[in-house]
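For reference, chains read A, B and C in written order, and residue numbers begin at 1 within each chain.
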Amino acid sequence: MALLCLGLVVLFTLLAIYGEVVYRYHDFKDITPAYQKTNLDLKFMAPSFTHWMGTDGLGRDVMMRLIQGVTIAYKVGIITSLIAIPIGVFFGCLAGFYGGKVDDFVVWLYSTFASMPGLLFILAIAMVVGKGLLGIYLGIGLTTWVGICRLVRGEVIKHKSQTYVQAAQALGLSSGRIIFKHILPNISHVIIVTFTLRFPAAVGTEVFLSFLGIGVQDQPSWGLMINSARMRLWQGMWWEMTFVTLAVFLLVLAFNLLGDALRDALDPRLND
Amino acid sequence: MTDVNPILDVSDLSLHFGHGAGLVKAVDHVSFTVGRGETLALVGESGSGKSMCALSLTKLVPRAARFEGGSVLFKGRNMLDLKDRELSEVRGSQISYIFQEPMVSFNPVFMIGWQIEEALKLHRKDLDRKSEVSRLLELVHLPDRLAKAYPHQMSGGQLQRCMIAMALACSPELLVADEPTTALDVTVQREILNLLKELSDQVGLSILMITHNLGIVSDLADRVCVMQQGKIVEEGQTRQVLDDPQHDYTQQLMAAVPRLRPTVRNNSYE
Amino acid sequence: MNSLLTVENLNVIYGKGKDSVHAVKDVSFHIKAGEIFGLVGESGCGKSSLGKTIIRINTPSSGSIDFKGVDVASLSGKALKTYRQEVQMVFQDPYGSLNPRMKVGHAIIDVLNVHKIGAGKEERRERVVELFESVGLDPEWAWRYPHEFSGGQRQRICIARALSLNPDLLVADEPVSALDVSVQAEILQLLEELRIKRNLAFLFVSHDLAVVRNVCDRVAVMFNGEIVEMGDVEAVIDNPKHDYTRKLLSAVPTF
């Protein structure tokens, strides 16, 4: 099962890289890529051998747009993680290790963030930096570090009381070195697992935001595709909606199951 | 004083882990008996298989372990042949265990008295549980009010007494004590040892004592079995084994133990 | 007077106000160079707090800790780091005191790096080899993870790590109580060897009177944060003066 998920994740990753290369190539040559070409004669074609997943309302190939959508989803998943995880890990380590006033401050900070409805916060950020991917990156990144911070803080508190940390203190190692060189490798499995679990959550949020119209504007995001497909669903144009939701479902499922498998494999307590 | 009709008769017991090159004979053709009212000590270092022996009695062994023959006769019944349901009736009501770590052996969110009552509920439905709890606490010399205490409010020694009270809840005939005082201070250990001695004298409890401490063996046990790498290498009356060890390993073990009064080592027991 | 460490009227109080715990009360003693000084008592008597205060993981509330003529009770920053090269600690739990994600040799090199001992990678690696040999371990094993070692071997590694800074005083907090008796005997022998070869002094914290009797020169008995009796180990154990010492001695099961 874990191998199957890993296979799916690898497949999605390859598609994402392929999508990015195609996008860059057309951007560089300044030509309209195939997935953006509209051809009204071909609109609403059901799946066939030429268009495996059919075409949308402007005659664009659904499969091509779906693959481009993977790229957007990956960018969102990875960039928001790059924003959220360092913040969460940094504050979590400080709070867990030093305790006292530092801990009080960090707990106050993340409680404040956690008490704000995430969507409102993202909307506010999108208002400031404008619609588009940047707003999504910042909005999701700056709201989702709270969970990681909490987890890391707890783990650090647990490790702080272990003798090897005291031994390191007795040997004259500085606090920074103890936190980042000694404790951090011991809690890395928590961070990796968190990454695999929050990745699909971020993708889900992006889909949702694009659906609401405050996300991606001119790129074929899955959210936009679902938004445009829903109008035609009752007319029997089932293919766009089906394949996009299927892709979202598979991506989320694969990452979640992979996260579970990784947690089992990486947790030293389960291995010994 | 080998009993003609012992309460526990383990013969030729073998317990293995793994296969091929990874085969570990945790218990290797072990035989011993515990007579009624007798205290037998199994001594050995970590990894000698003494704890596995104790757990084998009611098949509490880890799932990876395999029984490779032998029998465990408890009051004439072979425990290895019993079904899980029959075994769980024996556990607690006829054979009780106490373990090394009293701090983690209790559920932290329930009162002690309640936890002892739970043990009573499982095996003895007929009696007045409140008064039985008081009786048990009195038996282990704890004040009645501690029935309303939570585990974290008690010291290690008090918790170990509660463990013993819980183990005695269903008046078992055999008490298996696996390193019961290792986590305790010496003065507390002394109290617990005295308590066990008292129980064995007054109630006629049979005790199988697992320990690495030869001092405890000398204090408490009638007979002793020395284990090394899954095998019993020496067996006999306690004083006889400790005063005149026959096997090399027993001699090594005794030489390795630091003595409180090294000068009087040889003439303390004449 | 050639005393290495002199502790005078040391107090350690945890917490403030009503919840405060007076862990160490007005303790005074001294340790000479090359001496093994035992500290016995039951759990909660303050012996570990005292040990940790001497290596300055804890800060004392009042009193002085004089080490080679310097009062270390209030050191901080650079000076504290220097002090920690001279006083080291070995802990009870050989399983917990090594970082499970770090090869044991790297754990030692890490310490050498921090204290800038030895020039360059090669010299530090050589130092690890020397240290491993000095505690009776095969230097080949330096590049393994802690879980590949037995309890006794791990305790040797911890001792090697503590020795890496060439200390004059080693605080050993129950160094053998988690080990089997035969392994225990080997480790005690190693400590004795180190004392002779390096003129290393020990503060040997233990609850086991028999062990203390066998390795220590002098001993202090702690009860409720105070030292109730102190003297040569034979005198204290064979002829105890204080009631508590007598109670402790009579509780030990002997054979």
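We take it that a contact is a pair of C-beta atoms (placed from the backbone, for glycine too) under 8 Å apart; a residue touches a chain by one contact, two chains touch by 3 or more.
Because the structure is a prediction, the values reported are computed rather than measured.
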Shared chain contacts [chain B and chain C, defined touch]: none
Farthest chain (mean CA position) relative to chain C: A
Chains most often in contact, by C-beta pairs: B-C
Chain closest to the middle, measuring from C-alpha centroids that were averaged per chain: C
Centre distance in Å when chain B and chain C are each reduced to the mean of their C-alpha atoms: 34
Averaged-CA centre spacing for the pair chain C and chain A, given as whole angstrom: 49
Centre-of-Cα separation between chain B and chain A, whole angstrom: 54
Residue list for chain C, restricted to those that touch at least two other chains: none
Residues of chain A defined as touching chain C within the complex: 162-164, 166-174, 177, 181-182, 185-186, 188, 268, 272
In the complex with chain A, residue positions of chain C that touch it: 52, 55, 57, 80-81, 84-85, 88-89, 91-93, 96-102, 110-111, 114-115, 147, 158, 161-162, 165
Contact set on chain C toward chain B in their complex: 42-43, 151, 180-182, 184-185, 188, 207-211, 213-215, 237-238, 247-255
Residues on chain B engaged by chain C in the complex (per definition of touch): 45-46, 156, 185-190, 193, 212-219, 242, 252-253, 256-262, 268
